[in-house]
Every structure is written in C-alpha cells, then in structure tokens.
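Heads up, there are several structures right after this.
Shared between the two complexes below is chain A, which has chain B as its partner in the first and chain C in the second.
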Partner chain A sequence: MADSGTIIRLLVEKFPSQVEAIELNPKQTAVQIDPKIVAAFFEFIKTHPDLKMAYLSSISGVDMTTNIDIVYFISSIEYKHKLTVRTKVDRLGGKIDTISTVIKGADWFEREIWELFGVEFVGHPNLTQFLLPDDWDEGPPMLRDWTGRNFVKMPEIGG
Partner chain B sequence: MGIISRVPVIAEKIPGGAIVATSLEKVLNISRASSMWYLLFGTACCAIEMMCTGASRYDFDRFGMFFRASPRQADLMFVAGTITYKMAPRVKRLYEQMAEPRYVIAMGGCACNGGPFYYDSYAVLKGVDLIIPVDVYLPGCPPRPESLMEACIKLQEKIMHEKLQEWSSDKRG
Partner chain C sequence: MREPQAGYTEEFEVNMGPQHPSTHGVLRLLLRMDGEIIKNAEPHVGYLHRAIEKICENRTYPQCIPLLDRFEYVTSMSTEEVFCLAAERIAAIEVPERAEYLRVIMLELNRIASHLIFLGTFSLDLGAITPFLYCIRERETIMDLFEMTCGQRLTYNYIRVGGVSQDIPEQFMPLARKFVDTFQARVDDYEALLTENPIFLARTKNVGIVNKQVCLDYGASGPVLRAAGVEWDLRRDDPYSIYDRFKFEIPTGTVGDVWDRYMVRVRELRQSNEIVRQALDQLPTGDIKAKMKPLFKPPVGEVYARIENSRGEMGCHIISDGSTKPYRLKLRGGSFCHTQLIPEVAPGIMIADLVAMFASLDVILPEVDR
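Moving on, here comes the complex of A and B:
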C-alpha cells in the first residue's frame, strides 16, 4: 500500500504540469488534473506496478455554476489505497475524453453524466438515452438553473 | 332492466327452503367487496408497508385479499410508491390491462400528489390521478398497515353502494 505522499509524488513526476495535489480531508488523497490528459492519466495509474488502481467506484458530476466538475473515485483492490481525481469541464457543451476505453466500468457512469449534465465524453461507445424517460426533450435536468414543463420550484420560506 | 327489477331488494329467506332471494346487485357487490385481489406492484417504501400488510401479522387474507402477480387477474391496484415520469406510462398500461371492474388506491404522499418530491424534482409525477382514476387517497409517508386496511374498508364501503345501472356507464375505466 502506497501512502498519500508516494501516490502524489508518482503522479506529479509523470505529469509535472497537469497534476496538482488538492486538500479535501485528511483521509482522502486527491488530485486536480488537466482534462486533456484524463485517458493517459487513468492508463498510467491502472498499469503502474506501485499503483494498480483499476477499481472505479464512481464518477460524479458537480455543477459548480461556473463550470462542471467531474470527480472520479478510484481505488486499488490489491493495495487497498484510494484516490479522488477532480477535473473541470465547461458548463455548457463541455467535452472530455472517455475513460471507458481504459476502464470498462466507466461506461454507464459517463453515460449518466452525459444525460444529466450534458457533458460529452469523446470516444464513448454508446452515448444514448439512459435513465431519463424515453421521450425526454427538456435538456440535462441536473444543472442548477434547469427548469421544465412540470417543474415546481420550492417557494422561499419566510421571505 | 327486465328480470333484475323484479328481484326483491333485500335478502329474504324463503320459509322451509334453502334458497335466499336477494338482489343481484347486492350479491355482486358483496362478492366484489369480499375478494379484492390486488396487483403485486410497488415502487418505493410504501411497497414495504403493503407487503407487511399482506403478511401474517396484519393478514390481508381475512378481507379476502390476496396479491396477484398479473394485472389480468387483479381487481385492485395499490399505487404504492413514487411514480416517476418514466414509470407513468407503465402504470397506465398496467391499469388498462386489469379487467373491469377495477379499483385504485393511491397509497402514500407520492401517489396522492407527489408528496415530498413535489418541489424541485424533474422526475416525479405530481399525483397518480393525473394518469389513472383513483378511488381512495391514502396519505402518509409511508402509511401504517392499519391505515392501508382502513383504506380497503373505505373502498369496500364504496363498492357496497355501487348501483347496477352505473356499471355500464362511462363513470369508470
């Protein structure tokens, strides 16, 4: 098991200007990466003999109002260490390379983020309608300013 | 109406015989109210309460109620749980597949009007009465088994007051 410092040192050595350690909480090793290197980055941490991170728990999308954060949670079953990888894409019409070519399990997570946030994953094998109703035509609903035909906003209480 | 209007309205035992004369309406209403087989259908936590009510502790069987896994054999549908816009056409189809007469109990806040998901939700249907007719609304999140049994008793009362003349009308289904 590699400790937090070792993991970050390995990553920064490999991608000197594109990877940067960020502080989330003491138990979580986290890095911010350049969205352009995402496929090469996951290829590296999957194949490196001291990292062997191939188990992708989840991919999150977060609407930060200025951009969308894509957050990858990945761990190694063999070494029992974890890594949180954060990257930024444009809020409207954002594009990022798929990692489903490296890690197959990313397929559905990426499809879900594409559908709910409108982020396009370039090179994804099957970016089609997934969880929303079959006849959905109101755009990605998880954006903070989204509104639709039957959407009722929570009224301000006490205002 | 023919022969039906000539049948006595209340049950009457013919002296010395084993025959009971009553109205066809009453017999059919009793039969319907005493064996409401419900569709095994649930989409959220209300379904857990429904299962609990059907199991031995609360025992729906004593109302003559028993779940059927096919809408073709069901008389009653508990809409037990949140109905999303994706689920809504499926619920409607299940309802249409049920044979008449068919009854619906909207169980829980979500089925009544969207409940806790009324505001700020892109996915949840705001009341199942927007797609299918509802006989009894049962609030609660989720309702206790006692409430569900009360709703069934209310529905039985409703069925007992049904008029023969109304069966073929467009009032339901």
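Moving on, here comes the complex of A and C:
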C-alpha cells in the first residue's frame, strides 16, 4: 500500500504542471488535474506497478455555478489505497475526454453526468437518453439554477 | 417470401420487461435473439428515477434520511449508515460506543434479511418455491426486531447523524439471541434444499459466468466480485464504524458462475450471524446519540464515504457549503455497476440462463435509477 505522499509524488513527477494535491479530509488523498490529461492520467494510474488503481467507485458531477466539477473516486484492489480526482469543465457546453476507453465501468457514470449536467464526454460510445423520460425537454436538471414544471424550492430552516 | 433454409433462424428482438416477474423491479432488457440464444442484450433503465439526489439538495440533513431509505429499500439501514457516516466525517462527530454497536447489529441483521430475500426470489426464479417460504419465515423475525426498535419494517429512519434514534426495547435482546442461536441450523435447512440438489446444480453450475476480468473492468463489488475469486470486502479493506473489532471470514468463489454467487451469499449469512452474536455479547451501556446542537449545520467540506452493503459498495458523496442542506449529494450503489455489465456477459447464453444470471446478480432497480 502506497501512502498518500508516495501517490502524490508519483503523480506530480509524471504530470508536473497538470496535477496538484488538494486537501479534502484526512481519510482521502485528493488531486486536482487538468481536464486535458484525464484519459492519460487514468491510463497511468491503472498501469503503474505501484498504483494499479482500476476499481472505479463512482464519478460525480457537481455544479459549482461557475463551472462543473467532475469528481472521480478510484481505488486499487491489490494495494487497497484510494484516490479522489477532481477536474473542472465549462458549465455550459463543457467537454471532456471519456475514460470509458480506459475503465469500462465509467460508461454509465459518464452517461448519467451527460444527461443530468450536460457535459459532453468526447469519445464516449453511447451518449443517449438514460435516466430521464424519453420526451424530456427541460434541460439538464441537476444544474443549481434549474427550475422545471413541478419544482418547488423548500424554505430555508434556521437561516 | 423467403424460403426457410436448413439450420437457419432469423434473428429477432424481444423486450424482457419493464414488467416482468424476474426483473425484480422495473428493468427493460432489449434482447436480440437467435432462437433461444442471446446475441445482444441492452438494459434500459430509468423507470424508477425519482430524482432523489436533486430532492436532497433541497432538504435538510435529517429530512434526507427518510427519503434515502427509498434509495435501496431492501437494506435501508445501509443507506442511512452511509449517509450518516459521510455527514459525521464532514462535521467531525464522534458516535458513542453503544450507538456504534447498535448500528452494527442492525446493519448485519439487515444484511441477513436482504440475503434471505435474495435466496427466496432467486430460487423462485429457478422454479423452486419452497425455499422462499422458509426464507420469509426467518426474515419475519428480523422484521419484528426492527419493528419493536423503530416502529418500521422496511424504511426505518433509525440511524441518525450522531447516533441512532432510540435505544432497543427490553424484549429485543432475548428475541435477538434466540434468532442468532437458531439461525445456523436454518441455513443448514436452506442448503439441504438447494446446495447439492442436482436440478439446482444443472441450472447454476458454469452458468452465467461473470469472471474476474469483467468484474474488475466494470467496478463490480460485493458478492459478485467475491464470487469471481477476489477477496475484497470494505468492512475489512477500508474499515468504517467498528468493524475492525469483529472476527469474520470473507467467503470467496472460484469461477464466478451463478452457483458461486449463491454460495458466497449463503456463507455470508453465517458470517453476518456471527458478527451479530459478537456485537450482542459486547454491547456496552451508555449514550445512543452524540451531543449535538439541535440544528445540524456541518462546516464547508467534501467527503466520499463508502460501506459494504449486501449488494456491493454503497457510496455517498456529500459536498457541504456550510448550510443546513447538502450542496450536492451523490449516491452510488452496487447494482448500478452490476446492471451495466449485463451486455458484456449475456451474449451467447440461453434466455432461461439469463434469468438465473440476473437473479444471482441480486440487482434492485431503485438503486440504479435513484
């Protein structure tokens, strides 16, 4: 098992100006990466003999109002270490390379983010209607300022 | 009209679902068939999409919990646990000892109940009706235990941020002990009905193989991954709560066929039972909820918490902006990845074996659609 410092050192050595360590909480090692290198980055951490991270837990999209953050959670079954990878894309019409070519399991996670946040995954094999109804025409619903036909904002509690 | 040729069948498409008894919920499988052999299978999901993640952004943390019970309703305790774990990590709350033990007891009882549902419906799908009746009988005792503790049998709202909602009543301990002491013999009964049954073996051995490579490619977890021979259990490999205090084994299979997945779950029933027994023995006295302000308002932060659910890794990604509501809440269920790998493993198998394979993945659809 590589510790947090070793993982970050390996990553920064390989991608000097495009990877930077960030602090989330003591239990999670996290890095912020340049969206341009995303496919190469996951290829590297999957194949590097000291990292071998290929078990993708999840991919989250987050609307940060200025841009959309894509957050990957990945771990290694051999070494039992884990890594959180954050990257930023444009809020409207954002594009990022797919990682489903490197890790097949990313397919549905990316399809979901495409549908709910409107981020296009370049090179994804099947970006088609997924969770929402076939006749959905109200735009990506997970954006923070989205207001649909039946959407009611709940009052603030306790300020 | 084309003359029929010898040895030639025309390929055709079949819709399996959305309403089909063996799809355990509302899943539509678009199958391309050559006679009885599947050429291609394409899952269509979304029929149960209730926008839980969106609704949670609009609710306070305590209000989220009853809603999250509907995310994975067969093991609601796990859903509550993973959400509370994430919220507690952001707010750096220490959960009292007794509450941790009560959580483990409930989680493992819930895992047993979930595996019993699996065992029952799985054997129903294979045409064996009797095991279902026995499984539901034992599950009933667990439901009674939950009911006397929190008043609910399915959506508990029991595990809260900082602890649990209430202590166990007086009648709980004797009934739980009686259950734990008799359960191993009950599992022997199920095994006597199925494990070495030649018809059962013919339907499950070397059928619907989800091998190690497919599991690793698609992020399969839980019993599906373990049946393929990978020893990976978050209770041991990424410990949370107080699981490092209990002794238990991690059962694994060898090839990842239907029979392996069945066997892994049956052996997990026994292991969970032993964890409940140890937790009941060690249960300390004390508080059941951490001292907190009445209004739960975590600081700005971000956490991804994950636990081992009966269906694999269950994860919860919370981003807090310092208000009473989560800024973003993302849920991850094991079934999501297990549904995803169907197109990879279905081609080439018979339609009847697809039913067996799908049942053995133990997918529930609300977890996929959210």
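Keep in mind that, in the parts below, the second predicted complex is superposed on the first by the 154 of 159 C-alpha atoms of A that agree within 3 Å, B and C clash if a C-alpha of one lies under 4 Å from a C-alpha of the other, contacts with A are read in each partner's own complex, and residues count from 1 in each chain.
The rule is short, and it goes like this: a contact is a pair of C-beta atoms (placed from the backbone, for glycine too) under 8 Å apart; a residue touches a chain by one contact, two chains touch by 3 or more.
Bear in mind that the values here come from a model prediction, so they are computed numbers and not experimental data.
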First, second, both or neither for A:Asn150, with chain B first and chain C second: first
Chain B versus chain C as contact partner of A:Tyr55, first or second or both or neither: second
Touching partner for A:Trp108 - first (chain B), second (chain C), both, neither: second
Contacts of A:Lys82 with chain B and chain C, given as first, second, both or neither: second
Which of chain B and chain C A:Gly123 touches, first, second, both or neither: neither
Which of chain B and chain C A:Pro35 touches, first, second, both or neither: neither
If touched residues of chain A are counted for chain B and for chain C, the larger one: C
First, second, both or neither for A:Pro141, with chain B first and chain C second: both
First (chain B), second (chain C), both or neither touched by A:Leu132: both
On chain A, positions contacted by chain B and by chain C: 131-133, 141-142, 153-154
Touching residues (chain side chain A, partner chain B) in the complex: 131-134, 138, 141-142, 146, 148, 150-155
Residues of chain B defined as touching chain A within the complex: 84-86, 118-123, 126
Parts of chain C lying in touch with chain A, wherever the complex brings them together: 45-46, 49, 51, 53-54, 57-60, 89-90, 216-219, 221, 230, 232, 237-238, 295, 297, 301-304, 306, 313, 315, 317, 319, 323-324, 327-328, 330, 332, 336-337, 339-340, 344, 369-370
Complex interface listing, chain A residues touching chain C: 24-25, 27-28, 54-58, 60-63, 71, 73, 75, 77, 80, 82, 84, 103-105, 107-109, 129-133, 141-142, 144, 153-154, 156-158
